[in-house]
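When the chains are written out, they are named A, B, C, D, E and F in that same order, and each has its own residue count from 1.
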Amino acid sequence: MTGSSKSALIVSAHSADFVWRAGGAIALHTKQGYAVHIVCLSFGERGESAKLWRKGEMTEQRVKDARREEAQAAADILGATVEFFDIGDYPMRADKDTIFRLADVYRRVQPEFVLSHSLKDPYNYDHPLATHMAQEARIIAQAEGYKPGEKIIGAPPVYCFEPHQPEQCDWRPDVLLDITEVWDTKYQAIQCMAGQEHLWEYYTRVAQQRGVQAKRNVGITSSKNIQYAEGYQSIFPRVTENLA
Amino acid sequence: MTGSSKSALIVSAHSADFVWRAGGAIALHTKQGYAVHIVCLSFGERGESAKLWRKGEMTEQRVKDARREEAQAAADILGATVEFFDIGDYPMRADKDTIFRLADVYRRVQPEFVLSHSLKDPYNYDHPLATHMAQEARIIAQAEGYKPGEKIIGAPPVYCFEPHQPEQCDWRPDVLLDITEVWDTKYQAIQCMAGQEHLWEYYTRVAQQRGVQAKRNVGITSSKNIQYAEGYQSIFPRVTENLA
Amino acid sequence: MTGSSKSALIVSAHSADFVWRAGGAIALHTKQGYAVHIVCLSFGERGESAKLWRKGEMTEQRVKDARREEAQAAADILGATVEFFDIGDYPMRADKDTIFRLADVYRRVQPEFVLSHSLKDPYNYDHPLATHMAQEARIIAQAEGYKPGEKIIGAPPVYCFEPHQPEQCDWRPDVLLDITEVWDTKYQAIQCMAGQEHLWEYYTRVAQQRGVQAKRNVGITSSKNIQYAEGYQSIFPRVTENLA
Amino acid sequence: MTGSSKSALIVSAHSADFVWRAGGAIALHTKQGYAVHIVCLSFGERGESAKLWRKGEMTEQRVKDARREEAQAAADILGATVEFFDIGDYPMRADKDTIFRLADVYRRVQPEFVLSHSLKDPYNYDHPLATHMAQEARIIAQAEGYKPGEKIIGAPPVYCFEPHQPEQCDWRPDVLLDITEVWDTKYQAIQCMAGQEHLWEYYTRVAQQRGVQAKRNVGITSSKNIQYAEGYQSIFPRVTENLA
Amino acid sequence: MTGSSKSALIVSAHSADFVWRAGGAIALHTKQGYAVHIVCLSFGERGESAKLWRKGEMTEQRVKDARREEAQAAADILGATVEFFDIGDYPMRADKDTIFRLADVYRRVQPEFVLSHSLKDPYNYDHPLATHMAQEARIIAQAEGYKPGEKIIGAPPVYCFEPHQPEQCDWRPDVLLDITEVWDTKYQAIQCMAGQEHLWEYYTRVAQQRGVQAKRNVGITSSKNIQYAEGYQSIFPRVTENLA
Amino acid sequence: MTGSSKSALIVSAHSADFVWRAGGAIALHTKQGYAVHIVCLSFGERGESAKLWRKGEMTEQRVKDARREEAQAAADILGATVEFFDIGDYPMRADKDTIFRLADVYRRVQPEFVLSHSLKDPYNYDHPLATHMAQEARIIAQAEGYKPGEKIIGAPPVYCFEPHQPEQCDWRPDVLLDITEVWDTKYQAIQCMAGQEHLWEYYTRVAQQRGVQAKRNVGITSSKNIQYAEGYQSIFPRVTENLA
């Protein structure tokens, strides 16, 4: 990561979340020259590795190892760096040390924008907690009094990526990101997730539906040929000088 | 308005609304080369001309004339064109003919974006109705079967500008438009509203508060020197290829 | 109604609504010296007179007559004046003339506060429309340009009284009015509604439940002995100089 | 339709809406012995027939004829009866006569349940209006004083079917209807919509995504093999004697 | 509890909550052959035993003993089994061990449905925390990686029972459970709560009001004679094959 | 604080919050004879003392000392007592001991009303936590079983004061407190906050804007000359005997 490049930060509750939900954004921005860094808070070893556990002869460590390998491979394909906090899942908990560790990542990465989970999810309590941690760490990294003398961060926008059942999570996209040009890369990364093959086509269809919706929101008279998109919900207002 | 320039459309319930609420956006985009067109649905002759009526010796026509003059002067300063539908206020009503007339404006202007009022306002029933009309006319202007053969419009984003008491109107800005560089122009336009002088300083403070908030949302480490801003709430998701 | 007394206005969609929902508020304020005036927009002749229709030998006029008599009797007991707009129910419609007629009532009554229905009601479309009319007429009555020269009204608070199924109507009380001292009067007025006897006990229980809740919200250490209450949802912020 | 069979009512703003959004529910319930009746308020002749208009040589009547034919063919496949109100679209309006006409359909059909559009839709103003009309007509059909002597209706539950962009319409499904066993029939009906072929695969994917979600909500240990589903949002509480 | 019977789980913050709020559902389902199991997280010894404390000569242990006895007696009458976690109240806290203990109950009981408190309650912070724990434990009990090899649970629906002041808790019932046939049993169980006698009539009236509402929601033409009901708010969408 | 005077309690996350957000309410009520007590949970030493840290040569203790001095001076001017819990900020955490300590303050102060922060704030996680603590401690202080024998508290209303970016915090004022007569005192207290001089004019404008809105909500015909106001959102319903 050269000093001059722009960067972005992804906070993923489990080690595969960033692929399904933000793989397109990651690939698109690395292609645009951003240094994208991913923090996987856990491996999803308990809650999101059903297929591995059903193989038999498994231990938590072996599941973690398999999950780490998959996530690393996916990150490589997407062109991003990744680190693993390994704080455990089902249930995840947010202690102060983890918050500080994440705040330190913010200070180091100095991201232009941040992606994490939806603010609510009745199907998954680790997901909103990850966003809570991403938000709280961001605020601490902005504080002059936390490790005084270090370079504080600015106010990077935070976006929530799409949960599995959007309406049940009160998630409402206000941004549709056109990922048509990097779809092949995202699908390649998706295929690293050998343990969750049933989701490959599910998330392909998600991208197609959001693509159709994006097309509708630019208007049928537009020359843009959008086929795949990812939806995001922003938490903070956007500051701009143009409304078109 | 040359054929090649980009354009924008403002739908204002009463003839002064566009100045207080969107004067910055108008000035900023005309400066950027946009052809901005304003539709004033009424003159606000009944409900928003208290000072004129208190002068005595007034008739509805004289109030309308005074209000038209003020609005035209403000539009001139902001660099925009303006037309007056004169459909009456307090109460305003949305009949089909007005909707079609407005749809025809959409077809003619082919706007890149649209500005109108908040979706609710318990203090003012004409305001949300104006937005309702702006939205319904937009949908009709998109329809191939309305005046078939005419050029339909795309899907321009629609933004709600700030109402007088934002929280009571369930209005929540997701865009803060930096209008620092055109503030002087906006304030000049504001001064055309001789009949509502008590609002001049009120809306100056609104712009200052939104300016401080915009500054906070880009981060204190930003080099941007934002002093004045306008808040907008978007109705449709934004389609983009960059999240920074 | 002497010139010096304070006054209040109730806008009731059907001729019995004001009794069930606001009878306590009416009795309490007339006891406090307020001149309370009730507008019944319709008699509820189609939609809320099932028992009368089932008697047989009925015409719409006879139903209206019976309903008018009941409502007048209830208003007399509560100490209020009442007038009947007779604009029809199921469905009710809000034309400009009715709005102006209601605005004229506002100007004449100059109310300190206004009571009407909830903002939504999926079981009854006349109810929210009545509130819509009460609100729109209030705004017009405030406008200098409506019948210039007449005395305009101030900004009386508007409260929504309790609908039949509160949670389904998104109605949430922020005021609990202690009506213990006038309960007997309200129950007497309720008994005028011969055609809806099944509701007598229902609304007694409503008053008891709100009474228990009011007691809880002043605290069990309070010396107030609240037994009956009515819930209200306010539309506008309250302006005050004391928070206790 | 024999006198003893149960029935259902679908209120569709435009003549194709019922196919995309409720085709599965219709086929499923006709298979279960329900007499399903569809009211198409308009043909969608202006707003949802772009492909037909682009053919050239078109008149509004020819578009209507083509749309009627498609809708009739789809209804036949689904096993339902259909009638066309032809009240116009873009914009649709709800006058009293249409409400009464629809109330008469309610009285005749005596439905066990009702399906219509979402309560909001910023992309389409006819859709929520259709639901508004379905709701208001239902309330009138319940009133003893409307055409006294006729058999009134009960309180059939009303469900909103899925809009094109669910989150933007504040639509949130609380029912997932398993339509796996009738999917072939629904897809056959979909293929009648020659003028909107681009939507065939879109709505196939919608059914697949809701199918996966339904599967998740019964639990992966369930023996149910759900592949296709439709989502519905209920307006009224469900009355039941069992919570499983 | 025989291996073949269906079962249900109730998670009650304090030892009396399940009686007031879900006693009808418990009695109804035990009558239908369900094995209903209740977890009381605390005895409500601090916060909901005012009458006992006022007796004087009390210790926390004696209060707990009295509350346990009452709750056991009520559970017996309702036909349910009950266990007491004794984790303390006012304030309650959710540590990992309690979550795992509750997850183990889920695995053992394998419930068809789950009942707990509302998601918010500004009057009582233990209540929403109990629901939070019920939800998080349910998710863990679904995870293959938690105590691998044990039988995981499916996806039982979770319902929130009625809080003391529904509207203040943003609680909105979407299910009305007809408990008319078990009302006597519920009232008998209620009478075990000697320490909270002031609530007996309050919750009788709650059941009556919900009964009237249930009657309205099946329609006055229905032959069902509903007199008592309990309201529930569901968290997850219902999967079904019939909409009537 | 004499035994007979009425009292109020302010719970402030950081040591300056009470000045900007509630200084007017404090001054107004002390003037009315209330004993107002302030609890500052932290000094805001990390997160809200940027200017101090930028001076260089700072330690956390020195920042705390400076902040304590400022807060004490402001409290003195406002006529209130203040105590400092010093539990740390950025991040703040709510352990049981702090909750009990705060509950003890409630018991000692026996407040007529309570002021704290908004329920949400995406810019600041300490603020909503402070309100959470204020609420949970209030509930415990009401419980007979907490320190049995002590005098429990009643049910004092709790108000949320205005956050920095109201709409982003879902904060909506339902009370506008006229602080015109104590504005000078509040501004004097504001000037104690030497470290945050950039906020002096910001919060002056906030008071002016709320003043204009308060004026509008009493009506332009009112004789009240409101120039400055503070907005509050109430959490509990108000119990009253008059609606004017």
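Heads up, the rule we're going with is that contacts are C-beta pairs under 8 Å (C-beta built on N, C-alpha and C of every residue); 3 or more make two chains touch, one makes a residue touch a chain.
Just so you know, these numbers come straight off a predicted model, no measurement behind them.
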Any chain that touches chain F and chain D:
A, B, C, E
Interface residue identity across copies chain B, chain D - same or different by half:
different
Looking at Cα centroids only, farthest away from chain A lies chain C
Rounding to the nearest 5 degrees, give the angle of the rotation that lays the CA atoms of chain C over those of chain D.
120
Would you kindly say which chain has the C-alpha centre located farthest from the C-alpha centre of chain D?
F
Using mean C-alpha positions as chain centres, tell me how far chain C is from chain E in Å, no decimals.
37
Check each residue of chain C and list the ones that touch at least two other chains.
50, 123, 142, 168, 173, 213, 216, 220, 231, 236-237
So the touching chain pairs work out to A-B, A-D, A-E, A-F, B-C, B-D, B-F, C-D, C-E, C-F, D-E, E-F
Flag every residue of chain F that touches chain E in the complex, lowest number first.
96, 99, 135-136, 139-140, 142-146, 148, 235-237
Please name which positions on chain C make contact with chain D in the complex.
45-47, 49-50, 53-54, 58, 60, 63, 90-91, 93, 122-125, 168
Chain C residues touching chain F in their complex are 6, 8, 25, 28-29, 32, 34, 112-113, 115, 142, 152-157, 159, 173-178, 213-214, 216-222, 224, 226, 229, 231-232, 234, 236-244
Under the touch definition given earlier, write down the residues of chain C that touch chain E in their complex.
50, 123, 164-168, 171-173, 202, 205-206, 208-209, 212-213, 216, 220, 231
